[in-house]
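First subunit A sits with subunit B, and in the next complex the same chain sits with subunit C.
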Partner chain A sequence: MVTKYHSASPASLGRGTVTCAGCGGMQAIRQTCRVLGEKTVFVNAAGCMSLLAVYPFTPFHGSWLYTAMASAPAGAQGVRDALDILRDKGEIAPDNDLQVVVLTGDGSAYGMGLSATSGALDRQLDFLYLCYDNEGYGNTGQQTSAATPHAAHTATCRGLEGLAGVKKDLFAIWAAHDPVYLATVIASYPNDLARKIEKAKQLRGPRLIIALAPCPTGWGFDPRYTTTIGKLAVDTGIWPLKEYRDGQVVHTHIPAQRLPVEQYLKRQQRFAHLFEPQRNDVVLGELQAEVDHYWDGVTP
Partner chain B sequence: MTKRLFVKGNEAVAMGALEAGCRYYFGYPITPQSDIPEYISRELPKLGGEFIQAESEVASINMLLGASACGARAMTSSSSPGISLKQEGISYMAGSECPGLIVNVCRSGPGLGGIDASQADYFQSVKGGGHGGYHIIVLAPDSVQEMYDMAILGFDLSDRYRVPAMILADAVIGQMKEGLEPHSYVAPDDLETKDWALIGDGKAGEQKIIKSLYLGDGELEAHNNHLHAKYAVMQEKEVRYEGIELDDAKLVVTAYGSTARIAKTAIRLARKEGMKVGLLRPITLFPFPKAAFKQCKRDGQRILCFELNNGQMVEDVRLAVRDVEVDFYGRAPGAGSLPTPEEFLAKIRSRYEA
Partner chain C sequence: MKQQLLTGNKAAAWGARLAAVDYIPAFPITPQTEIIETLSGWIEQQSMPGRMVIVDSEHSMLTAAGGAAATGVRVFSATSSQGLLYAMEMLYSVAGWRVPLVLVNVSRGLSAPITLEPDHNDILAARDSGFLQLHCASCQEVLDMVLIAYRLAEDHQIRLPVIVNLDGFYLSFTREPVTIPTAEMVEHFLPPFDPLSILFRADQPQSQAVAVLGGGLYSYFRYQAHLAAQAALPVYDQIATHFGELFGRHYPAVDCYRCDDAEWVLVMIGSFATKALGAVDRLREQGCAVGVVRPRVVRPFPAEALRRALRGKKGVAVIDQNLSPGQGGVLHSELLAALYNEPQRPAVVADFVGGLGGRDICDEEFFAMVSMLQDAVKRGETPAPRLMFTQHELDEVNRLHQLAQPAGGDNGH
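Coming up: the complex of A and B.
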């Protein structure tokens, strides 16, 4: 299937946003909106993107609803149910129905929003969840979140070896609920992203997308390198592009020859302590081994 | 010479808490208080303490309940929406008589609101924000120094009465930098050993049940009466307020926290114009300085209340003085800017001359 997104779908996101320059989350949302079109209602929990709807004006053409931090999928349940009733009564034409899109960062998705997401998946709610994952609470100054990777520095984790814990495997947690569709994406691979959103758009039921969102402000790199950092995340194997459907996980892009993870890490200030003042070969080795171990279990 | 620092209010409250012996902090990021967990995440491990960034405010308040139940000095901090999430846990702490310090660097609401300074959480703080009809100690600092001092006072009062204590600050007090003279903590003589606490195997054989569940006939009623008897003692012994030029005042301005700072300048300007105006600044919002306001009534003074909300504390002032007219001037949450001393002065002038 060939889809010309530029001409076929009016972008549901206008120009001019208040996100930081080079925001990888914004890139992913923009590309997603291009596929989804205008007939959307975003249900949002507090995060970087909350500012999009309010200050000083919104780039969204679609609608927007705020919920409490833990509750965006619950809010989406209410919206979907109400839209369904209006459709049944004939008050909304099927053509005018809205895609209900939950939009949250990793803080909500990986943390306190999990319970509400689990409930929505349990009820087979017809919605699309887009999580922009910048691996920390970016909007409040990049404190640690459950998505923060091993060894990274954050505003609340400044030890010599960075975060002791590891990034939570949200993909596996969500997959365990057997949703209709689940995928990881990154804006640096726009065709892969667009195909997945297109696929999700055609389906009904819970559809979940985790977009790794390179964050110049929180990760510490020049905004002009957002796309490069995103490509490195994939090419080093740190961010596997994959999807889950009908009980199967399929990798949609397998790097022919993975680059060393160091090439991704050394370009970000949050990992600078692994290189300066002394190179920490132990932790760098752990991080490489973790990625190698993951890909050892992937069959092409 | 006393060391003098130039720090944020959020850092000062964290420093005071650590000085008071707090070794457990459980929190979650939210503007405008994230400097508190950031500071404590750096400093507490050096003292052998435990910093946990929880998965939610609900989790962090219940971690505080757990640490408190074991007799530890522990704290959490947040800002308005996060404090709302903590309310159930605070109610459990109040019901279980577990002490602990909760810092609310208040922002504007309702809902997600905004991140600017606000005093819109007064009702929630002083009336028992959760279910069940309880009170907590509520302290209202108006400076960086008081953020430090009240962290210490909050822990002491909370331990003394086994009632949770809250510092009700706001974005101005939390985010501004000014001079701080830290001082060493000296534990009050009257603090009792926490022999009620769960300490695992420390007292083998002794069963401790910390609970807020009472099912026996009359038990819960007796428990509630016991809690309210403690509040009555606090009302008698722990009221704190600052009075400025009250003796000859014809008009008494009342305000707390950041608003009181603006009011202080306004009454100085009013005095320069020859108006006899004083300030009554509640420091403890619960227990509320009712007697001080009753004295204003006896002295025939008019009262003018300033707040960064649409009128909350003014209701407690009116209750204290009953049939005396109390004027109010407030700025709704989210005004985006603070009132100026001149703005307050204009209100003082109009009430003074009325």
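Coming up: the complex of A and C.
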């Protein structure tokens, strides 16, 4: 099964994808593609974005390989190794080579795909991993994933207190592998995103990007507010923008005065139970304290 | 060309080496591990080119194998048993990608209970994956089948991955004299890999393995794989004929032993079929006209060749080294489907399940099977699938049950 697609506007993505209106993941992918250019092969795991390339259409100007939910980094290993083999044999010219990009959601990245990712990092695979993190199994209707934040409602968690667990710290898990580059991004801060993708593009080895992906459908907000919600995630300190290089974590944007987390939470249906029918000050306090605690440990 | 004593595993590694494979994603599992250890040793010593990568699981291994094959290199891999099942999602996937890689499976019984020695439940679980299947009965055949598998997988009409199956322990760890062809001879048989249109290049962007929506389109691509698999039967015959001409070793899709004048036939796959040959010779000495049929190609299923081989026989005993609980043997039902529309089909096609987890099948059991078959034909009644087990084995199991009971316990189990 092979599809080809050509478009007049290079360097980003074609229009008319099947993602939901206001998809924060799509924003991040679009901005990423603009920086990476066309010489890419996206190796995808099962998730929302698996429906970007649906026969016979694709919005990508580069190449695409859908694998399965658990093993996109292993697919990237095979593609990268094969390209290296072909280059060593002189069967493809250097300018015909491709940047291998793993594209998965949080469901794969935080859970089922961890083993394959860890393996790729052990082997110092030369690839870029873009995780769009919409904090739940979004493609199937936002069930709880390992990326779902504390107290959120999901399709599998509708109790008064929301999710009892906390969001897994994938950044720390990935950083423990000492990759060449690791960063968090969000499309609401496009310059920060572009700068990080640009940096990643220049490096060789494992380069990992976690993009928080505000999800109107899964989080419950009007699609017009995707960028706003994303900005609030950063400005409240809930989504720290940071990067890891050479054993150091550096915050690339430290909010001068963090907004109360409530401002982020109250605009999303998944946290509405913390405000209606009555305020849950205990949980709201916990969420604020968690963010404050994080930033207390950050030295500017 | 040289002859050496090689294990089945070493023979498989030689097949990959002679096929000049570019890429070997690997993961260790008994009884397959010797294959990847042998290949990694050769690559380290630079006695063969190629690149090996040890990945985190068989699921990743098959994904990497498929990804590399989709990029346009010749790929080899090997696994066994639980590993094959762990990779199962990707077996179906990469078959759908239509990438022509070759996977060796060294058969081993499946958990639970976890065990080491062979039967065919692992490989038959991959029956519907879209991989073609070639089953070996000797170490020489293992080497040769790897070469044939590449020709078959890479044929322009086929473009499907192929599994070469050998039995753990009985072949994997058994040394047999194997003729190793020279690289020059193999070059005459197996041309360099041509990825055709399946590749990734910056100047030829393409999407592979994309989603489809709607049953019509899905059916189309699934039917394509089926038609390619069906086409693999005549293509296999051509390739095997060519192989025979070049190397003097002949591998028809279905092996028949003393079948022409046989009234009774044993049908088996894999190395245990060689056990039947001796039993058949002994029965022949006593005037019993019995033969052995061994399908070498199991996917595509060589139905016509089997019909030809079994037409007009009085009775057939299928010896299934696998068990589909609640049904019986898998090969038995496949064979029945092939024979149903044959006007001169044998009166009785009986099923015997044996050889599970490496359990031996001895001559006496073959004799008993033939005798039960004759009896069934006389009575005009096909018996239910028969599970081979001896009184001696039951005694031994009971002895172990005794040991397993807690001291002083009154466990009647």
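Throughout what follows, the second predicted complex is superposed on the first by the 287 of 300 C-alpha atoms of A that agree within 3 Å, B and C clash if a C-alpha of one lies under 4 Å from a C-alpha of the other, contacts with A are read in each partner's own complex, and residues count from 1 in each chain.
Please note the rule applied: a residue touches a chain if its C-beta (ideal position, glycine included) is under 8 Å from a C-beta of that chain, and two chains touch if they have at least 3 such contacts.
As the structure is a prediction and not an experimental result, all values here were calculated from the model.
In this overlay on subunit A, subunit B clashes with subunit C. When the two complexes are overlaid on their common chain A, residue A:C157 makes contact with subunit B while staying clear of subunit C.
Contact comparison for subunit A: of subunit B and subunit C, C touches the greater number of residues.
Look at A:N191: by the touch rule set out above, it reaches neither subunit B nor subunit C. Of the two partner chains placed by the overlay, subunit B and subunit C both lie in contact with A:A68.
When the shared chain is aligned, no partner comes close enough to touch A:Q269: not subunit B, not subunit C. Judged by the touch definition given at the top, the superposed model places A:G78 against subunit C, while subunit B stays out of reach. Residue contacts after overlaying the shared chain place A:A146 against subunit B, while subunit C stays out of touching range. With both structures placed on the common chain, the touch criterion links A:Q202 to neither subunit B nor subunit C.
Only one of the stretches 6-14, 258-266 or 330-338 belonging to subunit B has C-alpha atoms clashing with subunit C in the superposition, and it is 330-338.
Overlap of the subunit B and subunit C interfaces on subunit A comprises residues 50, 66, 68, 70.
Residue ranges of subunit B in contact with subunit A, taken from their complex: 29-31, 34, 37-38, 41-42, 45, 51, 53, 55-59, 81, 85, 111-112. Residues of subunit A touching subunit B in their complex: 46, 50, 66, 68-70, 107, 111-112, 137, 139-141, 143-144, 146, 155-159. Residues 1-5, 38-39, 41, 43, 50-51, 53-55, 58, 60-68, 70-79, 81-86, 92, 95-98, 115-116, 118-119, 122-123 of subunit A are the ones touching subunit C in the complex. Chain contact summary for the complex, subunit C toward subunit A: residues 22-23, 25, 51, 53, 55-57, 59-61, 63-73, 75, 89-90, 93, 96-98, 197-198, 200-203, 205-213, 217, 221.
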